[in-house]
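Read through the structures below before going on.
Two complexes, one shared chain (chain A), two partners (chain B, chain C).
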Partner chain A sequence: MERIPILRMGEYLLVTIQVDMHDQLALTLQDDLTAAITRYGAHGVLIDISSLEMVDSFIGRMISNIANMSRILDAETVVVGMQPAVAITLVELGLSLPGVRTALNVDRGMRLLGALRHASPAEVADDRSEA
Partner chain B sequence: MIVRRREVIHLRSDAEIVRARQAVRAMCAECGFSLVDQTKLVTASSELARNTLVHGLGGTVTLELLEDEPRRGVRLLFEDHGPGIADIARALQDGYSTGRGMGLGLPGSRRLVNEFELISEVGVGTRVTVVRWR
Partner chain C sequence: MAQQTESKISRIIDQQESDILADWTRQLAGGRARSSGSIPEAQLRSEAGEFLNLLRRAVRKSVDDVNGADWQPVREVLGSISRSRGTQGFTPSETAMFVFSLKKPLMARIAAEHGKDAEGLAADTERLTTILDQLGLYTTEIFQLGREDVIRRQQQDMLELSTPVVKLWDGVLALPMIGTLDSSRTQIVMESLLQRIVETGAQLAIIDITGVPTVDTLTAQHLLKTVTAARLMGAECIISGIRPQIAQTIVHLGVELNGVTTKATLADAFAVALQRLGLVISRANHKS
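So, the complex of A and B:
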């Protein structure tokens, strides 16, 4: 079965979505990621969506689900690289991705994960504050 | 108004939703849409194609490249012969869902297009027509 690869980088997991995902593939990724968090005891998940040309409500819900499930499993999720056209469309569609942290690129996303991991929740500022 | 090109895609599986949105993207590019406008219509098509598959139990989408001097646009017609929608007003409300989604499919895609028409009859099927002009 077709799968999106999950890379392990120290205590983090890295996923780069590079294909136009059909719905079942998105659901499989959700399952695989939660399983991988548990298996590796990961403390962070970085999802790079810079190649995604569209995020509809189904993919949006998958991203929200991953963020919420990983939080329960003691891992933070940061979504990076959203294309401007995708962001504009998401807002008009009515999707605000509640509970999902975002950063502009992989670099900032990794720094945000580090900050989330090593600071108390009150000390962690949003990525925008460092821009 | 002239239809420059017409294409029909069956919607019977997840993979065909992907095919439909790729075909919509190609037609938007052909029509000269900006990237933002392309993304909006592709996203709307993904929502509506999923509705056709999940709620309409499969159907078709017809893509049309329109020319109505001086403007050009893309029209999408989603058709199914599924159970139909009993309460259309409610189906068009944000957050109302009977399926696996977030209830954004119809109201959300309506916001992403210039023209939106929904015709549905219980026991007969549903037809959604959307147009986005360049």
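So, the complex of A and C:
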């Protein structure tokens, strides 16, 4: 079965979505990722969606769900590389992904994860409160 | 009978073309003195001559059907004349007068030609009136279309002019918005901003609404959409240039701007942006 690979980088997990997501693929990813976070005890998840060209409301909700699930499992999630068209679509669909952290590219996302990991919770909340 | 009278209009123009033309140009020149526009007399004469020549040929082929293929050249010439009048700022009636002032010279000659034949005179008069009225209406229509073209082009220009995305600093973009924000404009603004964020890798975008005259719920919603879309891409937005009245309106409308940094002036927003990037502005330490 088709799967999205989950790569382990130190204490972070890297998920790169290189194909167009369909519903089953998203559900599989949700299972795999939550399992992987528990198995490796990961503290951060980076989801790169720069190759994702199309989203619908289901995929949008899945991204939001996956991010929230990871947070419950004590792993901060950063979604990086969203295309302008995808961002506009999500906003028009009314999915503003509250609580999901975003960054422009993988590099920035890794830096943000590092900052989140090493900053105190209060400082982090203050830093991102405007987002 | 009908055939006979038809050939008369055509014959009149055939035989007395230069006379009619002279009369007509005199009329046009007379009208011109009163009107605001200024078309050189030579140009007026050449336009009139061309039109009369084409009219003569068209009348010879068919008298009734102004919208038919036989009248195509006449309509084309008339169209280009009205368009040029339109762009030069003439009024529609001044443009239509070009055709209507031909009525008098032609009518006089038709009357002279028919003499005592009242029936023929009536039939020809009616035909001529119908033709010229339709052509006059046609000029107005083309004139209107020309004006609409101008308006459309200006709208397009305004759209392009009023949505620039400028780079203030490495990683800081500014979007000075000018004019009313409607859905189509916001769409363009949002797209160009997001595109520039991708291109420049900017982390902060300042949306300055100093030039936006009024903010209603729809405008606020559009703004929030833009802010959210930018956030989804990993860039933060600051809204600046909020005037006192607009701040009042926003609160009275109950618009939630929670989670969006707002500043009164672009300078304040820029200061915040620099602070976020960990940059400091300091006075140059020059010795004088």
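Just so it is clear, the second predicted complex is superposed on the first by the 124 of 131 C-alpha atoms of A that agree within 3 Å, B and C clash if a C-alpha of one lies under 4 Å from a C-alpha of the other, contacts with A are read in each partner's own complex, and residues count from 1 in each chain.
Here, a contact is a pair of C-beta atoms (placed from the backbone, for glycine too) under 8 Å apart; a residue touches a chain by one contact, two chains touch by 3 or more.
The shown structure was predicted, so the numbers you read here are calculated from the model rather than taken from an experiment.
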Report for A:M54: first if it touches chain B alone, second if chain C alone, otherwise both or neither.
-> first
Taking the superposition as given, does A:D20 touch the first partner, chain B, the second, chain C, both, or neither?
-> first
So, does A:L97 touch the first partner chain B, the second partner chain C, both, or neither?
-> second
Which partner does A:I88 contact after superposing on A: first (chain B), second (chain C), both, neither?
-> both
Have a look at where A:R108 lands relative to chain B and chain C in the superposition and call it first, second, both or neither.
-> second
Mind working out whether A:H43 is in touch with chain B, chain C, both or neither, as first, second, both or neither?
-> neither
Dual-contact residues of chain A (chain B, chain C) 83-84, 86, 88, 92
Chain B residues within the chain A interface of the complex = 14-15, 17-18, 21-22, 25, 35-36, 38-40, 42-43, 46-47, 50, 94, 101-102, 104-105, 107-109, 111-112
Which residues of chain C touch chain A in their complex?
-> 190-191, 194-195, 197-198, 201-203, 225, 228-236, 238, 259-261
How about chain A: which of its residues touch chain C in the complex?
-> 79-84, 86-88, 90-92, 96-97, 102-105, 108-109, 129-131
Which of the residues in chain A end up touching chain B in this complex?
-> 20-25, 53-58, 60-61, 83-86, 88-89, 92-95
